[in-house]
Structures are given as C-alpha cells and as structure tokens.
Amino acid sequence: MSRTRILALVGVLVVWAAVSYGNRMLGVMAPALLPTPGEVATVFAETVRDGSLPRHVATSLARVAVGFGLAAVAALALGLLAAMCVPVRLMVEPIIEFVRPIPPLAFLPMFLVWFGLGEGSKVAFIGYTTFFPMFVAIAAAVLRVDVTLLRAAASLGAGHLDLIRRVILPAALPGIIVALRLGFALALFVIVGAEFMGADAGLGHLIMEGRTFFVPAQIVMGALVLGLLGSIVNALLLATERRLFRWREAGATS
Amino acid sequence: MFLSSVPEMMEWGLRGASRSRRDALRWRLASLAVFLALWSVAGGLVELTKPFNPLFLPAPWVVIGALLELARKGQLWVHVAATLERVAVGFSAGAVLALALGLLAGQVRAVRNVVEPVVELLRPIPPLAMLPLFIVWVGIGEGSKVGFITYATFFPMFVTTVHGVAQIDGRLLRAAQSLGARPRHLFFRVILPAALPDVLTGLRLGVALSFFVIVISEFVGAENGLGYLINDGRNFFLVPQMLGAALLLGLLGYAGNGLVRVLERRVLRWQHPR
Amino acid sequence: MKIRVRGLSRTFVAQGRETPALLDVDLEVAAHEFVCLLGPSGCGKSTLLNIVAGFLRPTAGEVRVDERPVTGPGADRGVVFQEYVLFPWLTVVGNVEFGLRLKGAPAAERRGIVARYLELVGLAAHAEKYPVQLSGGMKQRVAIARALANSPEIILMDEPFGALDAQTREVLQDELGRIQRVEHKTVLFVTHSIREAVYLADRVIVMTSAPGRIKQVFTIKLPEVRDRFAPEFTHYESEITRVVKEEVAKVHE
C-alpha cells in the first residue's frame, strides 16, 4: 500500500475517532448510533474469541466460492462454446436479453421459494447472479481475439484444436480473468443482501443482527470485515493477473 | 464489453451489448420474442404434465394475469410509484452530491485530498452492508431507503466526475484564457462541457445501481414497492406476482437507462455528429 | 515597442534537478511586426512564447506588452497551439465566436465577425461542423480564425503547422501570409522550419541550444509576397541554416 494510502486511512481513523468520541462528550446523537472505533474493535475481538466471526466469514465465503465456482465453470464452458459456435450463441442470447435488465436480487425471494431456506438457495442465487455477466464477458473476450492471429497460426499448420489451445485461450485469457475477477466482486456484493433474509449465518446475517439487536457497532464491524475481505481477494486476483500477463503490457494486439 | 467495475456490470445489464442502433432494436425484439415463445412452451408443458406444482414455474400468461389483477385492484400503481419515487429521489440526491463534490474535488486539490481517502475506504464495502446502519439511524421509513440509495449511488458517480475533471486537457483552459476567459467562464464554458461525457457515464452507472439495490431495501421493512410485492409473495407462494414484479422492475430499469442514454446522445452530439 | 522582453530567464525544477531553459533573453517586437523564433529542440523557444502568453512565470526578468507587465494570459494576446486545441463540444462557429461571447458581444455582431473570419480562412462552408469532422489543416484554420476573431493585437503561434503534412503546411503558410497582409497583427511565431521562417517573418531570431539565448537576429528584406525559389530567399535560407546547424551540432554532442 502506498504511503499516501496509509496516511489517508489513518486520517479517516482519526476523524472517525474524533467525531464519535466527540459525540460522546457533546451528546449530539444517541451514543449508540455513532459507534467509536474502540467499540467496533471490541465487537470484533468478541466475535473472534467466541468463534462466531470466523464461522460467519467462512459461511459467506463458502457460499460465494461454491456459487461463483459453479457459475465460473459454466460461464467458461458456455462462453467459449458460444463465441466459437453461432447456433449456441443464438440459443443463449434470448435468455440473456430477457434476464439481464432484471436486478438479480429481485429473484432472491423466488430462489428462497424454489430452494428453501438452506444453503442451496444461497448458492444457486450466487450462481445465477454471477453466471450471466461472466458468460457474456468471457464470450466477448474470446470474440475479441484478433482474427489475424488465427490466420497466422493456421498458415503455420495449426488445426482446430491447436487453434483453441494455443491461440484462442492464451489470447482471450486476460479478458477471461477480468471477467472472473468482476464476477467474484459481484458475488461478494450480492451475498450480503442475500444473507439479510432467510439466513441464520454469514456476514450479511451478522450485520442484520446488529440492526435487530440494536448494536450498530456490529454493523460497522461486519461492513469493515466485508470490505477488507473484498479488498484482499481483489488485490490477490489483481496480483495474479499482473504476474500472469506481463506480456500484455508489451504490445498486446487487443 | 470492456468492464472494469461492478457498477459497470450492473449498467451492462440495462444497456446490453453494443450494437449499431438499427440492428439493436430488431435483435432485442427478436430475442425477447424467442424467449417468450420458449417460456410459453415450457410453461404450457408444465401446466399440462404437472411434474411439479405449476405455481413454481408459471407460464407468461399467468404472470401477466397476476399483474393485471393487481392493476385492476388499483394496487399495482401504488407499488410502482413507491419504487420509482424512492429511486428518483435517492438517485437525484446522490447525483447532486456526487457532482458537486466531484467537480469541487476535481479542481481543488485540498478537497480531493480530504474526500478521496474516505471514498477509497468506503468503496470496497458493498453498499448493501450499510443498509442496516441506515435503518438504525433513520428508522425503517422512507428516509433510510432513500438515504441508502443516495449513499450507494454516490460512489460511482463521484469517481467518474472526478475523473471527468481530471482528464481535461490543460491546453483547453489555456486556450480559453487567451481568449479572455476568467475563472467563472472557465468553469461553465470549459470544465463543465469537457467533463460532461464522464459525468453522464456516471449518471448511467448510478441509475443502474439504484435499480439494483432498491429491491433489497424494499425487502427489509417496506410496506409498498415492487420489492415489497416480490418478498410479500413469498408468504402465499404467489410466484406469478413475484415474477411479474421482477419483470416490471427490469422494465423500469431499462427505461431509466434508456432515458440517460437519450440525454447522452443529445448532449454529446459533438462526439458523433451526423 | 509592442512586446518588450528584458533579462528573461526560466529554470525548470524536476526531481531536485534544475534545468535552465532560458537564460537572460532580451527581445523587442515592434507593432505589426512578424517575428519568428527559430532554433534546435530544447532551445527554449516554446518556453519563451509561453511566458509571453502568460502561461508560465519567468524565474527572472520580465515581459512587458505596451509597457505593461504580463501577469497572466489575456485576450490581448491570442494563442494558436500546435495541436489546434479546439473546443470539441462546439461547432466551428462556436469555437470562433468563443472570445466574443465572453466579451458579451451581441449575436448580430458575433455573426458578422465570425462570417468574416471564416471567409478569410476559407471555411465558410463548414461553419456548422464539429472539430471531430475536420481535417488537421481545417482545424488549424479554425484555431487561427478563433484567435483573430477576438481582435487581439498580438498573436502568439507555437509551431502551429507542426502537426500537418508538408503540402497542407505550405498551403497554410501561404494563407497565413495572406491573412497577415490584411490584418497586420504583431506576431511571435515559433518554428522548427527555416524555410517557414524565411517565408513568413520580418525578422528571424535564432536561439542557442539549452540554456536558450539569442544567438543571432536576421532581418528578412524580401517583398511582402515571397517566392520560395527566388535566389534571395535561398540565400537567407542557407545563411540561417548555417547558423542553426552550429547549434544543432551542440545539442547532439
């Protein structure tokens, strides 16, 4: 993290502390409504100690991982297929066209009806939410591969399978990884909302609990943990991306 | 499709793939027609063969029937209006805030140094996580829903506005100054027009985000709205109602996005004249 | 004296290192004179122009226009940039009348002035087009019309034809010469091209390589309408080329 970033974070922390402790002293708002950093840290420590935080984090992550994983595999397979095979594209297109403007969260209650209140509904919901954007993005990445690359390979004697393995996949890989990274971010975005209702575990549930039992510090803590989680995963994925694709900087064709 | 953020993914949902305008409409209508046909066939089969309770996968006519029933009872409009109002107010407030702060931060280093750290800290946190906080602060009523939409839409619109100002070619400002422009001229006649493309993109993202998150806030503690309709349907397995409301939501989002894009085409005529 | 430059110096500081771009430059430009600044890359000619335009502050020395010190950019010194710098959201008319709108000139007056200058640069037929629809040469003509329409007494041009191909360049040089014969502005013109300088200027000021100083001043005694192939023209060209080559050699040392 850059120095300015750290300074900024410290600055925000200072302001937060000043405002919340100041509020304690001056009594502008009910003290419970403006949790201090200390209170948030306390809730964090407590939930870590009694094991509930790790459990909730693990639950959320598991749901995201499985849902996203399934969707990613499907999106990859179908995306590649659709990009290379027009009939498949024509078949999937109508479904996408119909479904895409509808906010995925609008289907959440339906998933609860269809799959009940258990893990299945959350996983299916995450899978549904992330599949379509990833599918379209992956198909687009494959379609974006420079045709001249394919021609060059063909004139060097590449057959169909070679073209896929040695040209299309490597060339489309950066775009595919970006699609996956964003799909994961979308999953994290949505899981909180999905865990507000019909769940008794997970970070979303933990945050909602903060509201039910009027412990705003718990909400803030949950939100911060979520943000941290998202940042870490994103940073990891970005780093992997950069490592894998050093060649992209040096004169990519797309 | 060149996406680089989650809000852009949401906006893609409303906008769809980029195609030439003439083709786009025809393709979309054809796709929708095909889907409706397939859905009708599937729905019809389910009703006939009943592999499971047809209520779980209602055919299109059942869904439309449910909507019409609600419309006849005069309830549909109440819910649609409630949702639209929340989105409109929340989005507008978010836009005004984001534009004002964004334009300021884009030009005044000091403001930027203060606001950006806060934004960067809050941005990784899914806005949905903050909804309960809004409810705790403002109560379960309209205020928390609208405030939440404002909060959620602020970030992408702020970021794009700052970027819009930051990317302005400094020479445009110099050229204007050599033609006699004073600071207020520079702001209204150079900075605003030059930042407008990015600002409008931000607005599009904000609209998409608004529709994306409004449902959740209407699931949790609302007594009207399309989200409420969807969640309420759970109680009596009114899946047609749930699907219908979801469809309407999609339609509204699509219309909202369309409106911004029409505005964009008008205002940004200079990018693609003729 | 229209423009008076005294003891002008400008040093750039980057990462703790100081780079002197201009050192102790004295210069005078008379009213209605067309003066070219010529020199190798990095000789500070653009820096000098930017200081006269008011975009940069000198580290030492001063610039006076009509005996008043220059403190910033202003409508009295019109600028034409190498990269045109048109306002992309305005039509050709919108660009040309920009300065007039700032002054609050009434619509009828603006229309007249704009029409006159569009006629002058030969773009009357493209009045309602947007910059994105124009070629490089057309864009530069709009830039010139925009600067002229504001009626500054001084026009500063920073390699205005540098981004154009050779043919368009010569055509625009012809046009500029023609325009100057009509408008009689005071012009300070920065260029790389010796040919261009001899074609357009009353005086050519050759600058040294960094840090920039005035090496030599040539007064061009040629008729108003110049023939690029006349022996006198070629003579000036070779003289100046010789002097410039000395400085170019220093840059590449």
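We call the chains A, B and C, going by the order they appear; numbering starts again at 1 in every chain.
Keep this in mind: contacts are C-beta pairs under 8 Å (C-beta built on N, C-alpha and C of every residue); 3 or more make two chains touch, one makes a residue touch a chain.
Note that this is a predicted model, so its numbers are computed, not measured.
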| item | value |
| --- | --- |
| Arrangement of touching chains [line / ring / star / complete / other] | line |
| Chain whose averaged C-alpha position falls nearest the assembly-wide average | B |
| Chain whose mean Cα position lies farthest from subunit B | C |
| Mean-CA-position distance for subunit C and subunit A (Å) | 54 |
| Subunit A and subunit B, separation of their C-alpha mean positions in angstrom | 19 |
| Inter-centroid spacing, subunit C versus subunit B (mean Cα positions, whole Å) | 49 |
| Residue list for subunit A, restricted to those that touch at least two other chains | none |
| Contacting residues of subunit C [partner subunit B, same complex] | 53-55, 72-75, 77-79, 81, 83, 85, 87-91, 98-99, 101-103, 129-133, 146-147, 150, 152, 156 |
| Residues on subunit A engaged by subunit B in the complex (per definition of touch) | 5, 7-9, 11-12, 33, 93-98, 100-110, 112-114, 133, 136-137, 140, 178-179, 182, 185-186, 188-190, 192-193, 196-197, 203-204, 207-208, 210-211, 214, 216, 219-220, 222-224, 226-228, 230-231, 234 |
| Subunit C-touching residues of subunit B, taken from the complex the two chains share | 169, 171-172, 174-181, 185, 189-190, 193-194, 196, 268-274 |
| Of all residues in subunit B, those that touch subunit A in their complex | 1, 3-6, 9-10, 12-14, 16-17, 27-28, 31-32, 34-36, 38, 56, 116-118, 120-122, 124-126, 128-133, 135-137, 211-216, 219-220, 226-227, 230-231, 233-234, 237, 239, 242-243, 245-247, 249-251, 253-254, 257 |
